Each structure stands twice: as C-alpha cells, then as structure tokens.
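Two complexes follow with chain A in common, the first pairing it with chain B and the second with chain C.
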Partner chain A sequence: MGFEVITSPPTNQEILELGLTACVDGACLPLKAFVGHVRFLVNRGLELLFVPQAISVVPGEYTCTNLLGLPDLVQQYIPSSVRLLSPALDARKGAGKISFSYLRCGLEFASALRVLKAWQTAQAAQRQVDTAPKANGSTGRGLNILILGPRYLTDDAYLNGDLMGKLAALGVQVTAAAAFPDSITLPASRSLAKRPFWTSMRRSLGALEHCLHRVDGVISLAPFACVAEAMQGVMVAERTAKTECAHLELHVDEHSSPVGLVTRLEAFCDLLERKRRG
Partner chain B sequence: MGSKSKPVYLGVDVGSVSTNFVLLDAEAAGASVVWKKYLRTQGAPLVALKTGLAHMAQEGSWRIVGVGATGSGRELAGVVLGADVVKNEITAHATAALSYDSNVSTILEIGGQDSKLIILRDGVVVDFAMNTVCAAGTGSFLDQQAHRLGIPIDEFGQVALRSTSPVRIAGRCTVFAESDMVHKQQLGVDIADIVAGLCQAMVRNFLSSLAKGKELLPTVFFQGGVAANAGMRRFFEETLAQPIYIPEHYDVMGAIGIALLAAEALAEGHKPTRFLGLESVLRSEVAAQVYECQRCPNACEISEIWRDGTFLASWGARCGRQGRADQTS
Partner chain C sequence: MRITFPHLGNAYIAVESLLRGLGHEPVTPPLTNRQTLERGSFHSPAEMCLPFKISLGNMLEGIDLGAESVLMIGGWGPCRLGYYGEIQRLLLEALGKEVEFITLEVPRGNYSRYMVHLQKLTGSTKFDHLRSGASLSWAKLNALEELEILALQTRPREKKRGATTGYLQYQLEQLRAAETVQEVEEILSTASRGFLRLRAREQNRPLRLGVVGEIYTVMDPFSNLRLEERLGYLGVEVVRTISLAEWVKNHIFKKALGLYSLAPLRRLAAGYLRGFIGGHGLESIARSVDLARKNLDGVVHVLPLSCMPEIVARGILPRVSRDHGIPVLSLMVDEHTGEGGFQTRLEAFVDMVQRRVGRLGK
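On to the complex of A and B.
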C-alpha cells in the first residue's frame, strides 16, 4: 500500500526492560513485552502504529481480555504525534467481518483495488505461517513433547527462556500446540465437555486432544498470574492424568537465571525416558 | 574412619543454602555412607566446595573412584571437580530415597530455596512439582523467622511440639505470614503456639501449591534440611493421616543420590573417573566471574570459571556461546 514498514526485532533484554519500566505492574509478562516493543518502535520514530483490537478471531469465541484492551493500553505509552490504527476485529458475527474491518481501515490510505491486493498478499503470507506444524528439535532420545500455551509465548524464545532450544539440547522433539491450524484443533475440541470461550485455550486443548496418544509428554507454558492459563492448567492436568501422559506446568516471569527451568526440563525428560523404558 | 585409602564415590549437592558432601563405600551395595558434611553455602559455592573437600581430606584417607554433582550449582561443581555425572536434584533425590526403600511412592523435600514433591510408582518417577516463583515456605523462611523470634533453628521444631493450641498463620506469602505472626505476638499468644501455627501454615502451603490433585500414597519420605524440624513432620503426618519416614541422612539425600548415579554411570560405561584429584582441586585457585554480555541486546548473564588463570568454562549465553568474554568468537 506504499507504506514504509518498521517492525521491532525479536524480544530482547532491552525491549523487555522498556516494557517492565513502563507497564502497569499487574500485567502479565507478554503484555509487558508488548509495551516494550511499542516503546522501542516509538523511539525509532513512526507516524502510524498498527495494533488491531482483536475481540474475536474465530466465530463463537473471544480472545483474552488483555488482548481485547490492547489498543487502550498501548495508547498510554505513545506520544500524541503517533496515531494509533486499531481496526476492531470481531468474528462473532461471521468470519467475513474481519476482512471487512481491515479493508475499511485501508481505504483511508489507498484505492480500493490496492487495498484489496494488499489484503490478498497478507492472507497468503498468513497461510504460509499457518501450515501444518512441524516438530522441531532433536530425535536423539526418541521423545516427543507437545507444548501448550499461546503463540506469543511459545514462539518468543526470549520470554520462554529458549524452551525449544533447551529441549532440543536435551535430545527431544517438540511441537507447539499454537502451530496447529483451526482445521485440526476445532474438530478435535468437540470431544471436550465444554468448548472454551477463549481461542488460545481452545487451540491448546484441541491440539492436546489431537496429540494425546502420539506424544510422550505435555508441557503447559503460561505467564505467571494468567487466569485463563491457570484454569487451562487444571484442565490439562485432569485430562493427562486420565491417560497417564506426563504433564509439566511451567510459569514464566522476569527471572533471568535459567537454572530453575533447566532443572525442571531435565527432570521431566529423565521421567519420560524412565517411563518409556518401563 | 582411617582405613587406608578406602575406595569411595563422592556426591556433591551445591544448593543455594547448603552445600552437602557424602562419600559412599564403593565396595558396599546400595548407599553406605562413610562420611558426610553439611555446610552453609553462604552465597559462595566455590568456597563451600573447597572447605568441604578440605574437611574430607583431613578426616580420612580416601580413594575417590567416581564423582557426581547436583543442586543449583551443579554445573559449577561439575567443572571444578571434574564430575562424572552432573544431574538435576529431582532425579538425585528420587534415586537416594529408592536406595533406602524401593516402595517409596511420595517424596516431600524441603530445602533452603525450594521445595519439591516427587511422585513415584513402582520405583519410577511419574510426576513432580517444584514451587515456582517464590521461596515462601522453604528453609530460608524458617531460618529467618527462627532468627527473628530468637529461637535457634535446631530447636524450632521442638518448640512447635510444645504447643497445645496452634494459632492460624497465613501461609501463602512470607510477607503476610510475618505480619500475621507479629500481630499474634502482640496479642500475647504463646511463642510455641505461633511457631506451631507457622509450621502448620507451611505444611498447608506445601500441600496446596504442590500436591494439588496428586495422590500421595505410602510410603512417604520427608527429606531435605527442613525434615530436621519435628513440628513439620508431625503436621505432615496429621494432615496426610499416614506415617512419614525420615531417612537417616535426610539432609544429604541429593548428594547420596548423585553419588549412586555416578557409580551407576561408571559401572555401565566401564570408564575411569574424570575426577581431577583431591590435592589438585584443593591446590588450585578457582575463580568465578559473572558479567552481562554486551554482544547483543539480549544482555545475557554469563558465568565464567577460571582455574589458576586458565579459562575452564562458561555458561548462561542464550546464543550458546562457550568462549571467553575477551575472545571475539
């Protein structure tokens, strides 16, 4: 559409620090990191900041309340010279509403034809990201682990303490639940007693149902003090206990020492290995 | 002690509060402890390591045929000693408990900075939980409170047992627990009842944060430094309504377990030990250096270990770099 686009790099100490020093204390770690990214970009000089208000991205579901309020939160941390562009994405009245919001938002800046082409390009790029998930890591010990948790945590190596890298070093294959497309997780979540409201939780639980008998263990990754994830942790624990699938809950916060994380992962992999050997 | 150069396995558990050493008789089956030492780490694991080894050299003549390191300082200890096995403390604690009783199904472990619950079935660890973010309800907290009340930590448990009606203390958070205790003290509540209330709160906190939804089947072991506290043991027994066993060497179980794992690994691999030798470790000057790496915006905290001016190892870099700070690649 003719914009010059600036993106922030993957989360690092500098970005997180920017978030920690400014963001309200009660916010979860990913939210603080998000504010850090925003402040980082503002320092680079920009005119428009694109933070969509994701109310619902799948019909019949909501995103978490923190995501819902994201534009309002971000507004506090940007100078008046920066304009916040936040189209409301609300799929509750049909998935088509989301395209409509994006297109209408674009019309202010370019002709209908250009906006339409940009939207198609963006969708093609998104489909590339959303293709079937690949297991990463190492096949060294022949162990498979499913990681549950929202994508903004499982994909952020800085926030999750390089969980994937550490597991790979321990000789384990890892698949992230968040990488499963809705075409798999939606049908899989139908066997749940009740469909969760929140999209990220439904994706995690759907992926769990899909993978339960194909993996050796499950790790739930959650930000400390995240209510939805705390609830999900209990549901996952109940489900895995019934099938005797090993389950580890990890909470991430601002600690900088990786020792505690390594201890848990090491012990968990030992456990899986000994279990498999019988 | 004193038998000429007895072959032994050395197990070292470098924890945040204590650094523990054991020597296991290499000729006996299972865990036969011939020497042990429980030292305060006092924030200086390298000093504690050397002090422990110096005591060991003084108190007997040993031939060390294998070394294992565990605890949060295990990497450091592993490099300094030349350990054959470096493993996490959960596996170590479970191994030690199993060597005492192969029927153990539940291990309650409360150490200085963390507490753990380990669930075993048929001799295999099937589940575990560690307290996550804070150190409320661990040994450090008990230490602090004992100090504040002017009761030596060794007598803390006995004082708790004298109580006839323990008062209720908030156990969720150290800060709340402390203010609760101060309030009760000001009301003139007997010190024994406060101490007992605190022990009860710690038991409650342990079970609600770690044992949620888990089945604690017999046999139950209680180990770690806090197992010395008779009050804690009694309240665990009352709450779980079953006997709790405290192994003889409850305070050094991690070190015992890792020594057993070292013995197992060396027997499997038919390899000689990589131990650097008692004299060589005691004679050398080992220094640790911690700094923030400035190579990229991640600013990782790197720990470097140097012996007699020679670089040994470093860790902590997210990028996996192993080199020295002053080297370019």
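On to the complex of A and C.
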C-alpha cells in the first residue's frame, strides 16, 4: 500500500510495564500487554495505528468481548495526533464480509488496483504462516501434550513464561490448539451439547475432542480472571475425567513466576510418565 | 412439574405467576443470602463472576426444596451469560443432581432438543390459562418495578428512617399473593398513596445519582450490597437506567420481530464507543451521557469483577466524566466485597458530589 510500517517487537518487560501502568485495572494480562504495545508504538512517533475491531472471524461466532471494544479502549491511551485505523471485521453474516471491510478500508489510501494487489500479497503471506508446521518440542520422552488457550497467550512466549520452550526442554512433544484448522475443530466441536460461541473456546474444545485419545496430557493456558477460560476449564475437566488424559490448568497474570511454572511442568510431566509406565 | 429458577432482584414475583400460568409449580429458592453465595462459590470455578455463583447457589437451594427441573436463560454471545446455563448443567450433573435443565434461548442447531423442552414447558396447559398467566406475570413485573422506583424516590425524603424499606417489603408481599391483574392495579394505587404519606415536607432537593452497569449486579440487591438502599439513606435519590420490563420488551419481543435497534444508544455513545461491545457496555456509556445531559449530579457504575464489556466501559467512563462534567464512581463487586469499605466509598462519593453541587450553586 506504500506505507512505512512500524511494528513493535515481541512482548518484553518494557512493553508490559507500559501497559500495566496505564491500562484500566480488572483487564486481563493480554489486554494490558496490548495497551503496552500501543503505547510503545505511539512513543515511536506514528500517524496511523492499525487496531481492527475483530467482532467475529467465523460465521455464527464471536471473538472475545474484549476485542469488540478494543479500538475504543485503545483510543484512551493515544494522543489525538495519532489516527486509529480500525475496520470492523464481522464474519457473523459470512466470511466474505471481512475481505470487504479490509478492501474498503484500503480504498481511502490507494487506488482499487493497488489495494487488491496488496490484499492478495497479504493473503499469500497469511497462508504461508497458516500452513507452516506447528508441532514443536522433542520426542525425547515420548510424551505428547496438547496446549489449549487463546492464541494471544499460546503464541506469546513472554506472556506465557515460555511454556513451549520449557516443555521442549523437558523432552515433550507439544501441539497447540491453534495448529488445528477450523476444518478439523468445527466438526469435532459438534459433539458438544452446546457449541461454544467464542471462536477461541470452540477451537480449543474442538482440538481436544480431536486429540483426546492421542495425547497423554492437556494443559489449558488462561489469563487470570478470564471467565470464558474458566468455563472452558469446566468443560475440559468434564471431558478428560472420563478418559486417560491428564489435565493441568495454568493461569497467568503479571505476577506469575517462571520458577513456579517450571516446577509445575516438571511435576506434570513426571506424572504423565509414571502413568504411561503404568 | 416442579420448577426452580435463579433469582434476579424481585423478579421471582413475576416468574412465579408465569410458571403457574404454564401449569407448573414454581419452587422459589430462598431469597439470595450469604449461604447461597457460599454454596454457589464452593461448586464454581474460582474465576467465574458473581452472578454465576449466586445463580448456581439459587439452583442448588431450589433443588433442595424438591424441584425437578431448573429454568435458566441462555444465548449465543457475545455475553458469556449465554453459556452459563450449559456450564451450570454440567456442574449440577457432576454433583449428581438428577434434574431436568431447561435453557430458554433462541434455538440453533439441534432443534429437536428445544422442541422437547418447549413441549414440557407448555404441553400441559390450556391456551386461556397460559394467556391469563402471562398477562398477570407481565402486570406484576411492571408493578414491582414501579413500586421499587417509588421506594427510591421516597427513601431520601422519608420521615422515619427505614419506614420505606418496610413498606416496600409489605407491598411486594401483597403483590406476590395477588391473583388477578385487577388486584395488581389496586395494590399499585394504594402503594403510590402510601409512599407519599411516608415523605417529610421537602426542605432541600436531594442529590440525584444515576446507576448504570451490568444488569444483574444493578438489579440484584444482594450482589450490589443493597446499593440503592444505602444511597437512599445517605439522602440520595437513585435514578434507575435499567428496567427488567424494558429489557424483556426490547430483547425478547422487539428482537423477535426485528424491531429492536441500538441506534439511539449508539448516537448517545458516539465518540466513545462505536457500537455494541457485549453485555451492557454500550448501555453503560450511553446512559451515562444521557444522565449528564439530564443534569443529574453523578453516576454510579456497578460491575461484577472480571466482566469484560464493563471493564472496557470502565476504561472509557473517565473521559465521559471529563467531557460532560459529571462525577462517576465505578464499583466492582465480587463475593469478597466488604460492606465497610463499600459504605466508606459511597459516603466519600456522596460528600464529594454534595460539595460540588454546592459549589456550582445548582
């Protein structure tokens, strides 16, 4: 599109601090980190800030309610010289609506042809990310663990205390729920009595149904004080209780200690190993 | 069928009539108390919000009284309340309670399940019976809100401290026992005269504070630590912005007909919120702006801990307060809210508003 793009680095201490000092209390850790990223970028000096209002990305479902109000919340923390660019992404009435919002948003800045080209390039780049192999860790101990939780936690190594890295160091094969496309998780979630209407929760529970008999354990990762995740915890517990699959719930907030995390992970892996040996 | 249901303020009076009209026997759990909450919290995941825990506690107490089934409302997002029923069903099942769990919601997906529920609810009753039950229930719902509003207006002006609350309680009991729409109307007209008699001659105009926030914590006196009563005793006339009758009209009747529009709210919240953010977030902002325009003295915003839409609203309210020159107090409630601290904050806020009003010479 011809813009000079400034992105913030992966979350770090400085960025989180920026968020913690400004963000309204009661907000969850990822939201505070997001505000930190926004403030970090604003300090860099920019004119336009891209914060889409992600209402829904799959027909009939919602993203987290925090994302619905995200642009309006962010508005509180930026100076008036910065303009917020926030197309509403609403797939409730069909996935095509999202492309439409992006294209319409772009038309303000460039010709239709250029916008269309930029859109195609962006989609190709996204496909590359989506199709990249995602399972990581090592097979040293022959343990398989499924990680459930929203992507803004599972994919952020700083916020989750490098959970993936720590599990890999323990010699465990890790798969995140996000690694399963909707074509797997949607049909899998149909067996639930009531399909969850939040995309992240539906993906996690769908992935769980899909892998229930193929993994040794499940770790659900949730921000502290997230009710959606608390409900997910109930459902995961109900599901795993009837099988051989073990379940560990991890809640993270800005006070979480990486040392405590290691201890819990080690204990969990030892337990899984002992269980496997019978 | 013996049916129990969770409490929401005094709404049980209307729900009882509706269930009787449907040919069922309502099993009203005891009014929410400390024990209800403790029981609900004990069986809930720690991070669930206050309304979830209280309603689970109500259900458990209703089951103890011999209910065979539980009635709950549901929905399809984005508010998580829509999924509470499902989680509560799982929790009750895990506790080994053998009850039929009926969730009232717009059907989606598996229609046959809803049909079975609907048949169980309405099957055994005649249409006439149902219609009179529904109209009685609707009259009671409107009447009880009217009584509560009269009490709100009377409390800061009452001659004898505490008289209003007692009188309201008495009238609500009368209303609960009423069997026809006629009786309901009579109670209402007696009460409106009765409330007037409790008032002293007015000396100063009492402060007027609006209450906005998440519907459950605003409507349920137990969860907001009897906020309206406390404010009344501090000499404040509370102005409600949320009405259950209104909610039922908008979200059930108008929405079903496709007549409900958020446009008026969106216009009020313009510049702060671009639209619906789930729950009552948009309402909280829009109503605060509205209250400021109506020249109220302040706004009290009530939200349960960890309520996502209200947290967004809470982040935005300070700007509304600055722009419109109206003091706003946000109160988060959870099962640990201490009464002392709560009272202190209310007193400080009321003092501050009082001084501000004096300074502005309003």
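As a convention for this text, the second predicted complex is superposed on the first by the 275 of 278 C-alpha atoms of A that agree within 3 Å, B and C clash if a C-alpha of one lies under 4 Å from a C-alpha of the other, contacts with A are read in each partner's own complex, and residues count from 1 in each chain.
Here, contacts are C-beta pairs under 8 Å (C-beta built on N, C-alpha and C of every residue); 3 or more make two chains touch, one makes a residue touch a chain.
Small disclaimer: the values here were computed from a predicted structure and weren't measured.
Novice: Quick one: chain B and chain C on chain A, clash or fit?
Specialist: fit
Novice: Applying the touch criterion given at the start, work out whether A:Ile147 contacts chain B, chain C, both or neither, answering first, second, both or neither.
Specialist: A:Ile147 contacts neither chain B nor chain C.
Novice: Who does A:Phe224 touch here: chain B (first), chain C (second), both, or neither?
Specialist: After superposition on chain A, A:Phe224 lies in contact with both partners, chain B and chain C.
Novice: Check whether A:Leu205 is in contact with chain B, with chain C, with both or with neither, and answer first, second, both or neither.
Specialist: Neither partner.
Novice: Using the superposition on chain A described above, determine whether A:Leu167 touches chain B (first), chain C (second), both, or neither.
Specialist: So A:Leu167 meets neither chain B nor chain C here.
Novice: Considering only touches as defined above, state whether A:Gly26 meets chain B (first), chain C (second), both or neither.
Specialist: A:Gly26 contacts chain C only, not chain B.
Novice: Quick one: classify A:Leu159 as touching chain B (first), chain C (second), both or neither.
Specialist: In the superposition, A:Leu159 contacts neither chain B nor chain C.
Novice: In the superposed arrangement, which partner chain does A:Val234 touch: chain B (first), chain C (second), both, or neither?
Specialist: A:Val234 sits against chain B and chain C alike.
Novice: Touch check for A:Lys194: first (chain B), second (chain C), both, or neither?
Specialist: A:Lys194 contacts chain C only, not chain B.
Novice: After superposing the two complexes on chain A, what is the shortest C-alpha distance between chain B and chain C, in Å?
Specialist: 5
Novice: Of the residues on chain A, which ones does chain B touch that chain C also touches?
Specialist: 224, 234, 238, 251
Novice: Would you tell me which residues of chain B are touching chain A in their complex?
Specialist: Interface residues on chain B, with respect to chain A: 72, 87-91, 114, 124-130, 132-133, 213, 296-301, 316, 318, 320.
Novice: List the residues on chain A that touch chain C in their complex, please.
Specialist: 23-24, 26-27, 53, 60-62, 64-66, 68-73, 76, 88, 193-198, 224-231, 233-235, 238, 251
Novice: Provide the residue numbers of chain A that touch chain B in the complex, in ascending order.
Specialist: 9, 12-15, 157-158, 162, 165, 224, 234, 237-238, 241, 246-247, 249, 251, 253, 255-260, 262-264, 266-268, 270-271, 274-275, 278
Novice: In the complex formed with chain A, which residues of chain C make contact?
Specialist: Those in contact with chain A are residues 45-49, 52, 74, 76-80, 82-84, 86-87, 89-91, 94, 108-109, 272-279, 281, 305-309, 311-316, 318-319, 332.
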